[in-house]
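Both complexes below contain chain A, partnered by chain B and then by chain C.
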Partner chain A sequence: MAKLILKIPGETSYLSRIREFVLDFAKTLGFDEEGLGDIEMSVDEAATNIIRHGYDEDPDLPDENKVIEIEITKIDNGIEIAIQDRGKPYNPKNAPIPNLEKHFEQMKTHGLGIFAMKQFMDELEHNYISGKGNLITMRKYLKSE
Partner chain B sequence: MSKNEFSMTTYEKDDFVVLVVKGECIAGNNAPNFGTKLKELCSKTNKIVIDMKNLNCIMTAGMGILVSNLSNIRNRGGDIIVAGISNKIKMVFEKIGFDQIIKIFPTVEEVSFEDG
Partner chain C sequence: MKPLEYAIEKEGEITIFKLMKELDYLKVSEFDIRLNEISQDANKIILDISKLEYICSAALGSLLNHFNKARQNGKSIVLIGLNDKIANPFNAIGLTRLMYFADDINEAKTMIEEMENEK
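On to the complex of A and B.
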């Protein structure tokens, strides 16, 4: 299997299905425990951001549009995960990476999800497709021996 | 246990309370329940151990709840300790730096609230 697509309601009760879908595929590609943990958290945080900020905070968006489409693809020596929403433009790449030391000193965790996506994945891209929504593309490569 | 099942039970051990969390993950769907339970325990006791040996992952929603309760309980001279985390959770904690702010023990039996 080189590519799989999951289209699922944008609700937190479906987060576990999203994680399972991506992890099952990543395991077949040979990611180790650390890589799987990185992928799991990045995907969950991306989906959670869409649900929390894209969908739950937009009362004008019809419920039938509150879906998340995830396309996972085997690429050379790694995995590509594309996550499409139908929300307003939001570019996680523009969000600042928190200074974790200061962040925790002040007992804050806001922004950790973005931190995970940026730091745990090797590549992160964002495109806003007019009339459709945000497309976040993340790639992670297998560690070379 | 289905992927969305999540349960929490408590028991007393020595001079602390153990919160046993069981489930696939603490994430956006169940973090509010986890937060309610932890807040309730924090209002009753100053020493809490969270047993995570039956937990596969914890997302930042769960870490946020730990951090906010840590702040409250430490202001009163108490603490929250986690025990039994998997290697996967440990690696995520280390990369995020979360292991620097919360005490981690391999098992509940090894937990000590003494020293820093």
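On to the complex of A and C.
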């Protein structure tokens, strides 16, 4: 199977379904436990950010628009995961990498999700499609032997 | 909605908090509450994550905060069972340098004993 699409409500109760959907596909491509863990966290953090910041903090966005569409594709030696929301423009690539020492000194518990996406995926792209929303595309490649 | 899956066991003065399956954003609040309750009652805590299959970044941040608070209050927390699937986030965020990890329960008990002796 080369491509799969999941369209799901943008609610935290669906996070586990999103992770399961992506992991089941990634397993068929031959990623090891470490790679699967990286993919799972990156997808989960991307979806969590959409729900918390894109949807929960936007009272003007109608509930029926609060959906997340995930397209996973087998690419040459890896996986491509495209995550589409209907929120306001937000480019995770522009978010600064937190100073982890300060971050924890200040007892912050949030703000590490984008760090994880940048750290664990090989490529991260963002496009804002007018009238539609943000499209985050992440790719991870299998480790070469 | 799946609740946080966990078990709490007591071995003498040590409380063992076993986390299972997934700890995602939906479950962070409950994790916070449970660990707070345990920290109020116990001075020696072993957090068993060997059956944990996923942990989100917010839970990692929360875990470190609990760890720091416990240390400030003279309590000991040691983690056991860091598996391959969740090791990378712990390493990348630097938690393996900031917190105490043991391979198994016996090693964790020894570490706690040593910490107590250093007080």
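Keep this in mind: the second predicted complex is superposed on the first by the 145 of 145 C-alpha atoms of A that agree within 3 Å, B and C clash if a C-alpha of one lies under 4 Å from a C-alpha of the other, contacts with A are read in each partner's own complex, and residues count from 1 in each chain.
As a convention for this text, a residue touches a chain if its C-beta (ideal position, glycine included) is under 8 Å from a C-beta of that chain, and two chains touch if they have at least 3 such contacts.
Not measured: the values here are computed from a predicted model.
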| item | value |
| --- | --- |
| Clash-or-fit label for the pair chain B, chain C on chain A | clash |
| First, second, both or neither for A:Ala116, with chain B first and chain C second | both |
| Touching partner for A:Leu4 - first (chain B), second (chain C), both, neither | neither |
| Partner chain in contact with A:Met41 - chain B first, chain C second, else both or neither | both |
| Partner chain(s) touched by A:Arg52 [first = chain B, second = chain C, both, neither] | both |
| Which superposed partner A:Arg19 touches (first chain B, second chain C, both, neither) | both |
| Overlap of chain C and chain B interfaces on chain A (superposed complexes) | 12-13, 15-16, 19, 33-34, 36-38, 40-41, 44-45, 48, 52, 100-101, 104, 107-110, 112-113, 115-116, 119-120 |
| Interface residues, chain C side, partner chain A - complex | 1-2, 22, 24-26, 28, 54, 56-58, 60-62, 64-65, 68, 83-89, 92-94, 98 |
| Touch list for chain B against partner chain A, complex | 3-4, 24-25, 27-29, 57, 59-61, 63-64, 67-68, 70-71, 87-89, 91-92, 95-98, 100-101 |
| Chain C contact footprint on chain A (complex, rising order) | 12-13, 15-16, 19, 32-34, 36-38, 40-41, 44-45, 48, 52, 100-101, 103-104, 107-113, 115-116, 119-120 |
| Residues of chain A touching chain B in the complex | 12-13, 15-17, 19-20, 33-34, 36-38, 40-41, 44-45, 48, 51-52, 100-101, 104, 107-110, 112-113, 115-116, 119-120 |
